[in-house]
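Chain nomenclature is as follows: A, B, C and D, assigned in order of appearance, with residue numbering initiated at 1 for each chain independently.
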Amino acid sequence: MLLKNAARQRNLKGIACALLTSSALVLPAPVAAQANKTGIDPETWTPEHVRSIAGKTTVDTAAECSKIVPLDYEGELDYWYVGPNEASPQLEHEMYEEFWAALAETYPNIEINAQNLGYNDMLNKLRTAALGNAAPDVARLPILWGSEFAAKRQLSELSPEDVGYDSDDFWPGAMKSVTLDGKTWGIPTNNETMAFIWNAGIFEEAGLDPDKAPDTWEEVVAYSKQIKEKTGKNGYGLVARVNAGNTPFRFMPMVWGEGGGALDEAADSPTYQETWIDSDGTRRAVQNYYDMYVRDKSVPVSALTNTQTENQDPFLANQLAMVIAHPSEYATMLDRASRATGSDKEAAMEVVNNMRYGKIPKGADRRAVVFGGSNVHIFNPDNIDGDLDMEAAKALICFMTGPEWSTKLAWVSSNPGNTRGFETEWMKERLDTIKFLDVSTSMLPSGIPFPPVAESPEIMNIIIPEMLQNALTEKMTVEEATADAERKIQSLLDGM
Amino acid sequence: MDKRRITRWHVFGWIFLVFLLIYAVTPLLWMLITSFKSQFAALQYPPDLYPKNPTTEQYVRLLSPQNDVGRQFLRYLLNSIMVSTVTTILGVAVAVPAAYAFSRFRFPGRKALFFSVLFRNMFPAVVFLMPLFIMMRWMGLVNTYSSLVITYLTFGLPLSIWLLKGFYDNIPVQLEQAARIDGCTRFQAFYLIVMPLSAPGIIATAIYSFITAWNEYVYALTFLNDDQKLTLPVGLQRFFTEYATNWPGLMAASFIMSVPVVAMFLILQKYFVRALTEGAVKA
Amino acid sequence: MSRPHRSEPSSRGLIGQIIDHRWDYLYVLPALGVMMLVIAYPIYYTFYLSFFRTPPSLAMSEKIFNGFDNYATVLGSDSFQQVTWNTIVWTVWSTFFALILGLGAALVLNREFMGRGLLRGLLLIPFVISAVAASYIWRWIYHSDFGVLGAVLFDLGLIDGKLNLLDNIDMVLPSLIVVNVWKEFPFAMIMILAGLQTVPDQLLNAARVDGAGAFHRFWHVTLPHLKGVLIITVLLLFVQNLNHFIIPWIMTGGGPAGASDIWITQIYQIAFGRIRFGIASAYSVILFLVMVVIGYFYVKALTGDEDRQAH
Amino acid sequence: MAQVEFQEVVKRYGSFEAVKSVSFTVEDGEFVALVGPSGCGKTTTLNLIAGLLDLTGGAIRVGGRQINDLDPKDRDIAMVFQNYALYPNKTVRQNLGFPLRMRKVPKRELEEKVNDAARLLDITHLLDRRPRELSGGQQQRVALGRALVRDPQVFLMDEPLSNLDAKLRVQMRAELKRFHQDLNATVIYVTHDQLEAMTMADKMAVMSGGVLQQYDTPERVFEEPANVFVAGFVGSPAMNLLPARVVENGGAVQAAGEGWELALSPRNAASARRASGDAVILGARHSSLILHEEAAPGCIAAKIYTVEPTGDLTYAHVEVGGKTFVISLDPQRRIRADQPVWIEFDQDRLHLFDAVTEQRLPPG
């Protein structure tokens, strides 16, 4: 068994090497084709369109999955995921409980040992676990993480077809994120894009139109300045901490909008071999940050040590006017406001009532947003604690990536990865009950995934934030900062 | 020495002491004050120097077994108590005979081994994270408290052994001889006569072990996966910084977490000074 | 003639002696066992890995031997100089101030007065509090937008506008040192306090009779007597500071723009942020070597009295 | 109480022999002093009896029972240490009771014995104090008491008086002797102070270099020292020793040195003839020498070096043939330094030793 695995491993390596050289040229084409095939067009995917397709079909998940794994299958499985936590809205907790109950009813003989891990800890834990061959059988990971494990061949190959679904039913951006070296290493579970939220009350105070979002990044800078000058409150919730995932999530949309990029991920057919960092577009974006932080001082001073979580409280406390936020932000804020007490509660509810959602502003070049979400992966049997129960893994994955549960598990915070979910009754219910869902959902086609290469975490979480810090502390000029980042990324690509 | 004359050194000393007291205690006071503010009240600028509408909501949330957070928190608290206690007991059980042997016996290699024990402090924890994890995995200890206890043991051991050895060096060997003639076995002589004499040292090393284990964060984060098994520092970190930075909550949790060790230390601090005096400094 | 009775050396040479003393080893075995377990393999692994290239795209089993390249990468990297300088500043000043404050506190507390025990206890609290909690407490105090320190300084007219410490290249490291000293000075204090209690009164009285003032008594009697304790304290603090990870990591993550990056945060960043265990290992080995040099003096200081006793 | 028998006891540390084949028997009820300079092996010997050290060879029997391999606790002995080794964290009462407690003596009996011992030693008022609150003499008594309560077969005492000041030492010496007489106990007492040994012991075992030099009553050790070492060690001031050559001068036997000669009495002459060669050592106690201020027949010429009056006696240090003698004088006599004197030997009390073997030459 061991020998066989080793032999397979070596084979894989050979194939991978062969593909690696050609992938740059060959791969993007089918992905682009896929995009056309699903027919998701940013122009037609409007809030109205999203509403119009909801509730059209019904789904029988048990029936669909029974074709893949018989319902009486007996097995055992370790599963790690980033699930609801203390700060999550109550509804999300309930959805997960419902999910586990439904799964237990459908597959009563599969025992699942599920670990709900914190977002901040999970990546490092998973790395050490995989290295120590103590990884779980199955894990659902944030979109950026999978490629590292795929590159190391610590994952098993897995595509929607393996659990009875059609790759065309998933977002092309999402499929890009699970594709490496021409192979598919996971299935998207949920996808979302961020939106722009603002406090209409502060806008009014500052003499701005309370119901009109800034449409361009240039306007954001101007608004921020005006808010600071007129109200003394901070305008835009800038964050630039190193090693914090939400720094690039908020900065890259601006970079792409202005026509820049880290690699060429914003290109129509990205090769992930070119760097776009030392470009006018990126420089414009860094300059915007510089103008807000250094020139206008219209954003929190603590931006360089802050993460997005530290912007929530000021926003809710009516101290901060604009942030780029997750779709679930509204639900979270509402939840927290309702839990506040005394005078806090009144103030918070007022802020929640003043909350407005809009599309992410566009730059000189386009409107763009980070394509986010999660994918589910099966680990390589070699890296697992014990034996891999493939059938049990497939049963779980089929169950969770189907239209029903990919919609329900994404209830408050995201959207189904399986686009058939948009046609279900549950999607309709969500649209009816969740404020601004149509707005955040309509940004999905503008989503650009982070480069699905192993170096992505280093580029996005370290090099880009460091570039920002270099410029914002005036250690370097904007030009020097982008040039410095260019050099670092280039040396990564050169295989340092 | 005891002349009660006030010199300029005394005045200077008192000024210095007041400054130091402010430096040491104000941050703690601010932690307490913040913990009694509501989340929004904490975000006033300039901040209120005392909570205008003091609230205990954070404490209720953390300590009430009625809700999820409270239940989880209490569980983390129990986990931490367990890990720290086991570490402390084992630490003393391991350190005492080793220190005794280093003090009393003259076996070959004694010095080199003594050095090697003291060397532990040289190595930074984060560097060992990966290899230790791999090793714990080999031993099948990942996600168990044993992995933490084994690792934590080594934090306290160098100081414990060094301190206790100093104690044993100062206890005349004739006491044990007398005891053995008086009818003790070798072990009884140690247990009934030498151990009680080194009690301040044992208490001091026990406190030290307990505190280091109680406060440890990096290994606990890496070795434990199971949500139900987390220790307090990791659990708290997860509560409060993942999706929202709730400063009053963080401060309340820091306070609750500090209470047991601070109380223990304040009660037993005189042993600590005595142990250092008799065991480490004088030896 | 009061030789402990199991100490007779044997004429049989080293092996014979070891056999004669075989039961003695039982006493130290558990302590050494657990030490070896936790240290030996990680040291070996770190050295081993430092000679391999481990890019994030390769599994560990496919790492590539590259000799001393990782060392060259570390020593030749742009940031190495700055990080090393930061490390020196961080370690030296933290140690220095912790020692000075600890010494001052110990001297004041060495006198008998009402409430001495309480004062000593209050000053010791920071030592006991977890570094994680301390980091959050101080981050909150320093907070540029809501921090109490900025507000107080503003009221006193010492600053105009927001206080910017942690997001400021020039202020961040001193600010972190203040936190670190806050946590460490009580340790220095308690060590020195213990040392002071062993200064014989006769000596001080003799100096007094000789006409020495308070300062001279301190300088010529107390300080020389404290030498041993001070050396040990300095070394312990030095080692601890060189290894200190949590305060800079939680408070700033090494930022802004690397201004508070020290060796140990760099190592963590390279290992877990950039997933380059090979380079991180080489970096660790460099840190080890520095530690070994310091460790030599440390062990010498710790066991200095040992030599005197054994002969 | 019991007899203690040493049979060819050897103790080696590596290549160093600390105790070399020592044999002697302590009779039941005897007070034996092990005496010798420091490093002579006396404490080692005591620790061998106590079981604190393991024998390398030979056997030790107490009351006929071989105890070589027994644990100290099973040997039924008690020991008083030089530094008393009182348990600092226990009260006097607990210290006294400890040996009984370890032997599981019933509580009532234990209390009785502790009280008896305390009464005997006059420390009843100290029972609830801790050792550090006691004076040296009181600690000494407690240490003794701890040995007494158990009623052991043998008492071992390791220089128990050496930490006391001179006055207290004299007092305790008397008390110890009295206790021994009252209890009729077997005591083995280690001391480096020959006076202590002389005054207290029934028998003295003089040791040097790990070898038992002489084992006998103090009187005999004093009067008939077995060798040069014992002669020089026992007695204060020490015996005066003078190397000499034996010269036969037509029937008369003379001892001669540098610039002096002494005709030996027939008895001493007979002794001298037994020497292995012609070299002997003359030994004379300070009291057996008579000082003349004028030349007299049979005397040796000498010169006063210095004079030490002590009240009872005056000691004159006298230079003889490159050596210094100490001679006791009546304090009434007036002698000056550098004064020429003549020394007369009391031939009946003259000791002769073989200069090669250093052994005593028995009288004819």
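FYI, a residue touches a chain if its C-beta (ideal position, glycine included) is under 8 Å from a C-beta of that chain, and two chains touch if they have at least 3 such contacts.
By chain, UniProt protein names: A = Extracellular solute-binding protein; B = Maltose/maltodextrin transport system permease protein MalG; C = ABC transporter permease subunit; D = sn-glycerol-3-phosphate ABC transporter ATP-binding protein UgpC.
Predicted model, so just to flag it, every value in this text is computed and none were measured.
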item	value
Count of contact steps on the shortest path from chain B to chain C	1
By number of C-beta contact pairs, the top two chains	B-C
Reference chain C; chain at largest CA-centroid distance	D
Rounded Å distance, chain A centre to chain D centre (Cα mean)	95
Inter-centroid spacing, chain D versus chain B (mean Cα positions, whole Å)	57
Computed distance of Cα centres, chain C from chain A, in Å	40
Between chain D and chain C, distance of the C-alpha-averaged centres to the nearest whole Å	58
Two or more partner chains touched - positions in chain B	42-43, 45, 129-130, 134, 172, 174, 177, 237, 247
Residues within chain A bordering two or more other chains	124, 131, 314, 319
Residues within chain C bordering two or more other chains	2, 5, 9, 145-146
For the chain B and chain C complex, residues of the former touching the latter	1-2, 7, 9, 13-14, 16-17, 20-21, 23-25, 27-28, 30-31, 34, 42-47, 49, 93-95, 97-98, 100-102, 104-109, 111, 113-132, 134-135, 150-151, 153-154, 157, 161-162, 169, 172-174, 177, 211, 214-215, 217-218, 233, 236-237, 247, 250-251, 254, 257-258, 261-262, 265-266, 269-270, 272-273, 276-277, 280-283
Residues of chain B touching chain A in the complex	38-43, 45, 53, 55, 57, 68-69, 72, 129-130, 133-134, 136-137, 142, 221-222, 225-227, 234, 237-239, 241-247
Chain C to chain B touching residues, read off their complex	2, 4-7, 9, 14, 17-18, 21, 24-28, 30-32, 34-35, 37-39, 41-43, 45-46, 101, 104-105, 107-109, 111-112, 117, 119-134, 136-138, 140-141, 145-148, 151, 154-155, 182, 185-186, 190-191, 193-195, 197-198, 201, 204-205, 208, 214-215, 228-229, 232, 236, 239-240, 242-243, 245-246, 264, 267-268, 271, 277, 280, 284, 287-288, 291-292, 294-295, 298-299, 302-303, 305-306, 309-310
Chain C contact footprint on chain A (complex, rising order)	13, 124, 127, 131, 148, 151-154, 234, 240-244, 300-305, 314, 319, 453-455, 457-458, 461-462, 465-466, 469-470, 472-473, 475, 495-496
Chain C residues touching chain A - in the complex, by the definition given at the top	55-60, 62, 73, 139, 143-146, 162, 164, 166-169, 251-259, 269, 272-275
